[in-house]
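Chain IDs A, B, C and D follow the sequence of writing; residue 1 opens each chain.
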């Protein structure tokens, strides 16, 4: 199939359509508004519903309603908008509803700025809402991967009847790349929503889709049932990619999203200078590839690990936990919309391997 | 000074008054509604403002406004209500506003139930909102400690110009205990809010209190400035308590809040049976006493650590990270409003030390 | 075409579909909820949009948006819900938007009750919102007329680019009657919305649909332009029906809606008793048939006029104004959900013509 | 007592304070925002409550709550804001709550403009909300009168336990005049609110303040009870002022608010030209001085009446009704923020008495 040049936000929108999504709810916020723009036109073409709610709160609760009917539904927003949805996400997780939520992250906290960031890692992987729940989190590093993961996200949401979040920084949303859509997308067979969805009942018992369990035993059972699903995700849905990972690596970088691509450039250049660095890129952030990280970092040659994030350090905590003391876990980060250049990553590596830095003035770091 | 018998929710309310809080905003939710009831009467007596907003969103944004004027202000809510405040909390952290937020946790996710839980640990300590920020988190285990920490919370909020969250399970809110208020509360001297608060300006330049920084350099500077404050908190504000911690301990329990008190009962009974178990109770959850945990768990006699929570395992993650592989970190938890009995904790310990359990049927566990 | 037996609310809904309405927005309120129920199923069948908003305010502003695109759109509600829409109705009148609003009136003021009333006459005909505007008001007295007027309402809305309101009491909504829909509804040709609607512009200048005119000359021009349309309505759209109006009438009843049908029963019975009473039933309430009323009441034989309303007297004011002192204008009314019986009307007539009443105890009156 | 120079909006605010108002709720809108500004400072000085709600809907419902406790409470807004309050005003009238609402009218419909108008006459006197209710309406023509009527408004609200509305055009709010406050305001004795207000009950039966009457007999009784109060208002509260009304008048102008003052200038100038014109200025708009108008217009010398309004003709309808055909009732109006000059009024009079107009180009008229 021919490749087409598309902006990330548009590609994500089209991928959802191809995956069979029929209900999209949104409230505009930079830098993801193009998704809504695209779908305002595209959704009616496929007989779907495009609805701009009066707030992110409304949007998130519309998702609850639409998902309850077994329809594939999703929303897209950016950092502050996602914060406003935390209560409803907790409700959807509690009620076991399959929805897809895309967060094209901008710099925070608060209103912050409109440039790219990765500072909502904790919110996504530790679940910003209340109660014992998790959402499955995916982080693409290219437009093509965004397309593939977006389609897969709907599959995972249905498979686990759980919210799936895809997080990308503003670059993923704004940049253009050639992208290919599968000619005829065929997804693995799924248990039918016929067994649980509220589709109107005339010849069966009514179904109640809810997160309210006033009986504590019922509520505890629901929590452990959810917990069981998260364990299954940990067993089956860990995704990551290795780049130039080898026994010769002195440093292992752990980085995700578009930040990882910048690290690749740094790694390529360092390789030419004779410094062997590998990259482990988590693709699923929950579940997290902690066993792989542990195994790779433990390797004899590795001096230490380096986490690179467009934040003041968040995934770093999970890497430290994964490494369980085997090696040091260093950090390099920028935030607030500033994207680290490959040179900054290289400087950090020079520092770590005891090599003199280049003349350039190194920027702020943790 | 004489002790008085008070319900936790009322004691928390009175403590805020004693600490000089003049602005209280709220929206009713079980199990913390008594705080509002108490303050509806009490606030006017001290010339303060009691205001029930039209939603938790409104309440959290009223806090933003009141805190901007340098007034001591706070809210109380419970799990779903706190989720609704995540955006505003991120805004307040970004704008460096001193506020106190109390979460009397109930079982979740979603509407869940109204009985006690500790399942909002992640939301509190990892910050459920977006962006690079943290709130200082305190967790009392008795009514008296709730009073003391509540008063201290206002001090910490002012000291760091940052939101401070106090989390307690529903038991803290509902049970009655004898409690003592300091006769004349004197708090350490503080930098005056005169330097930053928006108090009306006629003879100085206007001040803008905001979380919006469209210039990425400005936004990054703000984020690192906040990050610097969190490092200071880590350096200065770690709080914890030890109970029967000694070189003879075979197991070290890490537990917080009222759950820790139940563990004490289990520990006392196990001591009589010749099984030495210690308790480390984190009082501040962020910053977290990870160095102390590491040190104690590393001790020769300790076979393994046990985290006990009224959740499906959240603080457990931070303990694993703290222990950096020195020992196993086991978990026992109940959730959804079910409070583990001392016998359940003991059974878990028996299992860990290889002793046959008592006849009682052990309940669900992770 | 065959007649079908339908509830008024359902017939109104179907009539809108036949008239080509494609966008329906609503918020549930007794006694008109069946309209929404019917359209939730029916709208998707014709490719239209059914949307339950989060409040009547939202609904009324959604109408503004939908009408701006040239689509036929409408809402239905009941008294308190219509009050909540007053601001938006003023906006739509100011922006010259064609919409249809149905008010199935219940007893008021405030929450009142859920039984039939006609107490929103002033709100409808004097325009409850602010500013110099009017809505065209239609009042059916049977299900068949409700169907015919509903279809005509869309025509009038488009013809004048102005909100059209159809008001009926709860009986119109709830009762069942045989009704006939035109086989193939053909409406008179209309000026195309192509000249003003916001339909997306690539090859023409953008259009701004608004009620804001900061320049007072522009605002005054807009008001006189609207005023001109209301004069045209007065010239062309007055509708009424006469029943047994003749030179022999001693009393002329003026009554509208289902109340007029009850008056017909009273008139029939009085006729048999030798008392000649005529009925003038306004069908359009704005514009109002004041010239006809003046002419009929002026007739030699007429002793006085009687206005009968399910309210404490509202249309009565307009009849007094129309009659300009030619004759007395008496009033009989019930309100709050109580529908006057024919006997009550007859008793009032007896009193007016100086005849002894029947033994029944007459009820409250103004 | 010394006179002070004050802006109308501030004088209205201060008058409310003097009348003992303790609760003010508001949402900002031009041209009445100075009331809120003034009270934000002033209310705390008298121990009262100043609260800016999140919308006009919230404000109007806060009034419901505050009035239920027997406190004197009020709000101020402008045209679109008042439209948003129509539902709540209907609720307050239904529940017999004493509140004062000030509408500083701007040009409409819709957003319109921010300049003075009188185009909300219908909304005020015919009651823009649903159901059988009325509000007492007062219309000052000077700042001093605004002060006096504002204080009287609270008295009337309490006397009738009914909403009282004071309407002024933007000029009343914005212009400055010398004004005198009574040294020690003593108001006539009132029935105590002790008999009905919800003030917390420990030693009496709870009271329910409501507009909901599901029993139609109860609802009808409530409506006729309200109706009885409106009749009392008509009997006791009609207010108007005559200016140069005499047996020599050829024309009687009926005009209210600041528009009436402009008519006085025209009348003075016409008098010098030998044309005798009188002015009847309604001060209460509901109840309306229809008997006085009838009597004055009926006088032998009067050729016709002229209604002058800053609208496209609204009070004109009520004057026509009052005159019951005795004479012609002409109209001159401007709207949208344009205030007619005395010359325009004079031109209209010239036309009516058959005198040649001055050279100036006459403006638009109905």
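Following the convention adopted for this analysis, a residue touches a chain if its C-beta (ideal position, glycine included) is under 8 Å from a C-beta of that chain, and two chains touch if they have at least 3 such contacts.
In this text, all values refer to a predicted model and were calculated from it rather than measured experimentally.
Centroid distances built from C-alpha atoms place C farthest away from chain B.
As a whole-number value, the distance joining the C-alpha centres of chain A and chain B reads 28 Å. Chain C has its Cα centroid 59 Å from the Cα centroid of chain B.
In chain D, no residue touches two or more other chains. Interchain contacts close the chains into one ring where each touches exactly two others, per the touch definition above. Partner chain B is touched in their complex by these residues of chain D: 51, 54, 58.
Per the touch definition, chain C reaches chain D in the complex via residues 57, 79-80, 82-84, 86-87, 90-95, 105, 107-115, 117, 119-120, 122-123, 126-133, 210-224, 226-227, 311-314, 317, 320-321, 323-326, 334-338, 364, 366.
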